[in-house]
């Protein structure tokens, strides 16, 4: 038999991010196991190589280097936070690796070696705001986020977008909190006051991870219900909800490209497989897991198409590859290394699941460079020959400095 | 001191800007002068209108009951405790109340503590080395070299305090009495103008006491010495002038015979048979 | 040889320093030879990955030496040394950022990428000058040094000691972490500075540069070690120990304790800054997590594990713990924290003086070890 | 009361006590003498358990082998200790310092015996001051008072007069005598000052460089012995 | 809230004063089934109409249907078209009951069920309908809540009904609330007189209505509304200040709780216990465990968690003390290293044994929501309990340290271990008890924190730094210092936060601590004098 195809898994298993990333590691192991049961690919088995970058950003780069240089893996699935991706990026570019990144992020990036299977802002934030504005009639906006790059960028985009739509600056309140912020009393009180001005108000939350539980608890205790001031979150999925008493949260929203509750057989099969794999009836699936599911299948397809695991050939082969997603449609890898995704808005239910209340009529292609930021308005990314450029400036007709 | 003053008072930081310590001026009188000094702790008056003058080259014994304020008095002189009122002058030029401990020490006031405190992790030799009179600013200390004559000096003192055999052992292992001796040795190394010696012979044998007495008397004249001690035998053997403190102020002053016959002193301090 | 630099030469005559420098040199030379002279697939070959990894360990070792200087000899348990490390790193990171020039994704010749996409119009004033290597390298020393000076000046003058000092150093690094997280600070927020291209004109991705950085780190560690050893074996070093064990008593000998503390603290901060500056080009990123209080505590743990107040113990501790981390996170990703935690516990319980203590015990079995006999709590 | 036999003690590698024998008869005051650093305090610490002897026996009250007892049990057996250097608890108030000894009292009393205050009135006066704030001599008085709280059968005093004003030193001597005579207390005293030893002790033992070199009734303490073992 | 609803439903079955909206009669099952089925297929607008229709059928089961619908628990069996109510919708198989007969139909895979989609707008509609019903319950508080729910949702027909209701209502508060509800409606219609009713009301909905009017087209109305608003603003300011103080105390008491155990193990015993956070975490997990063991009784579980959490953490603490710390006597700094290792181990243990994910801890009914002081000032109940709990724990600890021998003995042991043992103090026992006590108190903190924040493996890490800061800021070894430090840091933080933002506020508090320590190098309540120098 030939050498196995080595699949690097670069997710934190300890430290602050373990809470989110461990499930992704297991998802990958499950997918690999299943693929191997089906005979692997190109007649070769797949072999997972798991490392723990321990929620430590420089360690991500080191581990990526270890995977590529020492373990000589053919592909890496990994990362959650943007900073960890930023840390890994130069390494995969230098060593010409492949990285599938499964989490929604702020965009403004397109690397020849990275495939972004999570949502770009136009695949999550913008549609969510559209929904609130058009379907709920929201006129006043609270943009609340954890103080780091993803919320900052997303909110910058949203601010421009809202202002373009005619929302006055006084109807936008922006608030940032530190990681793991746990005392939300005065902020929730401010939101309450902001929302009592007579206009329908909503909170767009890019609050990250652990800060959410105390945030929602405080909302509940201060008597803010979803019918008063709905909160639409971009970082709260089923996994986060599994640690929250959702009773008081019913009706608050989240925007994702996948929900566990989606009524679809592919999804049910995936859930069943996951439950069986974990041997636990109560485990949940979530959006980044679906992203890995898609990314993994795309990789397999691309390898089949290329007939090799050679990085350059896979890179070329994968553009245009379509695989089914779990919500009943297809995901296609676009030339900018982002994929097409449907955008779903769900309301939290008391069982910790989301009930989809709205979705885009068709899938949306991920936009690497936002149309709502002055610096990136003119940029496009296309990794196909002959352009092969991640940051082509259509105004100047030049490819930016990143490529040699 | 305002914040600005504190920030602009740069001699706090840069060695090279520190004002040159001017020598003690004893032309116009005593080397130590305390006037109307009082200090209280949570309402308890430990020192109460204390007046004391020590002449240059004098050897003065200070006695008094436990808690009379003898150690506190030394604390005040050396800058450890700030009195509530009063003034303390070293010579006629230096107001000690405006200075901190290292400044006062550099002026030439050395002290042996009642409870021996030595640097336990350092060897006996190093303890003496640190005490040695030298430029104690940062860079000179960093670049200091152990010259043979310094070494001789230290060995001389080691001989005097009988700790040659323990020269390179950490001071932490010394017995109580040995620490007492080491403290005395450190005091000698400092070559101070004024020596404040708090209970030097506690824990010493009679013969050691005799040696200490000799030592202290030999210093007097060149240096001024203030001794606090409860051992009357010892005090008698060295005393010329004795001051008795009681409840924070001077109860009696005079020759040993005078004070030891003072009924008040007998009552509060000596007891009938002393 | 003048007497004023005698203190720096004195350690070179010391056997322990000679051994240390010898081993360090040997290690660096062997790694260099194995990297350059052996073919890639060979069993002896040291890959660029390993070289960089070792370079990182050496940075940590220098940092640990800096911490040991203040903790071991001065009794100041700094729980904020990560801050100086990070500041040195940021100074270097800013230089590297400026070196990118118009090769960033947005092609702006002046502004770093993160400023472009968050709409900065011009370079903030504090970024000026960092395009010049000499300036940036000076800042590597000056920024941590200045912070240590101001902070130390205030704290030592007020005679803040013991846990109180430890906790405010922790507050310092914590506050800096939160501040650097803020995008408005202009240091790239949580993402920090990354995607560096070259240093002094050498491509950071080339193996040669990597090796160069590794060797530079080795030299920095050697120099840092000798400086620390020089201080420690000088009379000032003994004064430091005196301050550590009986601060008040030292004052009565005429030493200005706060200045001794300030001096050593600033030197230590600068060394930490150098370590950070060498760390950044090797790991490729600097972000506020280096300011995290837990990182600073971890540094202390390295030192304690290696053996406090020995300097070489700090080096051993730093290298060992980080090597263990590298190995454990690879071979037992789910359980490595158990192993690391157990390592800390076992060493403390069974090796009271750390690994250095073990070595010392073997070296002078008969001679009762003095310097650390009575360690008094900081 | 206390019989020490063939005691050997080491600090690390250095041999401090050599085959030491000391006998402390019941109801008497035995005074241990010797120059600085000969091992007197070390001997006391061995008796209290703060140091562990390498070999030898310490027999207490006829049948108890002290070396096998835990430190905290020794005071329960009635051994009171006034260590050299006072060793008071600096941050506890004077009263709290005294109260630490109440737990081992046989009668289970929760009150500090009046006698302690009678003996050292200053302690009563300064009841609420912290031990560490006291003057040196006051601390020494506190240390003695504290040992008396447990109403010991054997009292170990390591240079108790150090730093105490003369009239109180004399008073301490009287109290020791009184306790011996009235309560049958046994006293093991370390003392350098000859007059005090001569006046209040019944027996003496001289230690020199870790060895017991002389022992006997206090009256037998000759100038010759003193010259030989107590001068430098 | 839902307890009220439950009660209300029972009461309502008998007493129906409000017109023909609901009657005891049952409509034909066919009609009902038809309506419900239509609900499944309908679009949003049609659904709203159907909901009204259902409520107007007068069927006594209607309320159940409405509530099921609101909770997203109305479903249709895909094969048969039967309308069912989902009783338990967790996991892959759901327990269902027939919507009409109420018969339990057992479990069914959720693949085979299609739930009736509901969203916030429809939920609001149902709430409105239910509130109108609740206006007639006997409990005045229930009526008040119902009336408050209707604020801002009143239309012309409802306004008339409310007028009628107002005439019958006896309770003054409810009357005022109803009047407000009607007035808001009137104001929306442009009735200037309504402003008189609303001026002085602190209710946010009333204020919102006034705001709208103030920004409206009618200048006279706008002027009157602005004036009313101005007077309200004044009152709001005072309430706001009171609220900030409350927030501060509540944050402060969280800090105190987290730190107070450390004030014992670190402050008194001198052990630099980096695993303190993990002991807190154990307490929180104990709460979760108790709730798992007593499903459906979160309140009882929480109460039982208090002793259980204490015990678990205390035992863990004792285990740590016996296995590691006892070997580090006199080496306080080394305890930092060892306990740091222990904290890593404990965290990873929880990750491996339980889960790296956060666990859900339910807040019992009696701890949710808030007490309303007035319409603008409510005190959140969980926080109120935490404040109280913190004070009780503090008092208890104070009592133990002051009134029992343990307090004295532990201080003696830490100040001079050898001497304490010579005095007959059983140092080992004291160590065990004290460390156990400090750890147990950390466990108590965990129980309380489970009601406020995440219960997950990182819980401890989030509090360890703050805990040390509080203890040190207050002055090591001084319990009062810990209390005052915690409360004041909390309050300062909450005062700064609205003004500077959460991040800057936190930075400022840290800088403040640094500067404060310059002024008071030994904390808030320093040990002074000679004693402290040794």
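First chain written, first letter: the chains are A, B, C, D and E, and each begins at residue 1.
Here, contacts are C-beta pairs under 8 Å (C-beta built on N, C-alpha and C of every residue); 3 or more make two chains touch, one makes a residue touch a chain.
Listed by chain with UniProt protein names: B, D = Urea transport system ATP-binding protein; C, E = Urea transport system permease protein.
Predicted model, so just to flag it, every value in this text is computed and none were measured.
Any chain that touches chain B and also touches chain E is listed here: C, D. Chain C has the C-alpha centroid lying closest to the overall centroid of all protein C-alpha atoms shown. Here the largest set of C-beta contact pairs joins the chains A-E. Chain centres here are C-alpha means, and the one lying farthest from chain D is A. The mean-CA centres of chain A and chain D are about 75 angstrom from one another, to the nearest whole unit. Chain E has its Cα centroid 62 Å from the Cα centroid of chain D. Mean C-alpha position of chain A lies 73 Å from that of chain B. Separating the centre of chain A from that of chain E, both taken as means of CA atoms, is a distance of 30 Å.
In chain C, the positions touching at least two other chains are 157, 178, 181-182, 248, 334, 337, 368, 375.
Residues of chain A in contact with two or more other chains: 13-14, 147, 176, 178.
Residues of chain E in contact with at least two other chains: 347-348, 461, 503, 506, 529, 533.
Across the complex, chain B is touched by residues 11, 35-37, 41, 84-86, 122, 129, 133-138, 140-141, 159, 162-171, 192-195, 226, 230-232 of chain D. Here chain E touches chain D in the complex through residues 405, 408-409, 411-412, 415-416, 418-427, 477, 527, 529-534, going by the rule given at the top.
The residues of chain A lying in touch with chain C in their complex are 13-14, 50-54, 56-59, 61-63, 65-66, 69-70, 81-83, 86-87, 89-91, 94, 108-109, 147-149, 152-153, 156, 176, 178-179, 373-376, 379, 390-391, 393, 398, 400-402.
Against chain C, in their complex, chain B makes its touches with residues 6, 12-13, 15, 78, 80, 100-102, 105-106, 110-111, 113, 117-123, 126, 129-131, 136-138, 141-146, 168-170, 172-173, 186, 190.
If you check the complex, the residues on chain C that touch chain E are 77, 151, 154-155, 157-161, 163-164, 167-168, 170-172, 174-175, 178-179, 181-182, 248, 293-294, 297-298, 300-301, 304-305, 308, 334-335, 337-338, 340-345, 347-349, 352, 375, 377-378.
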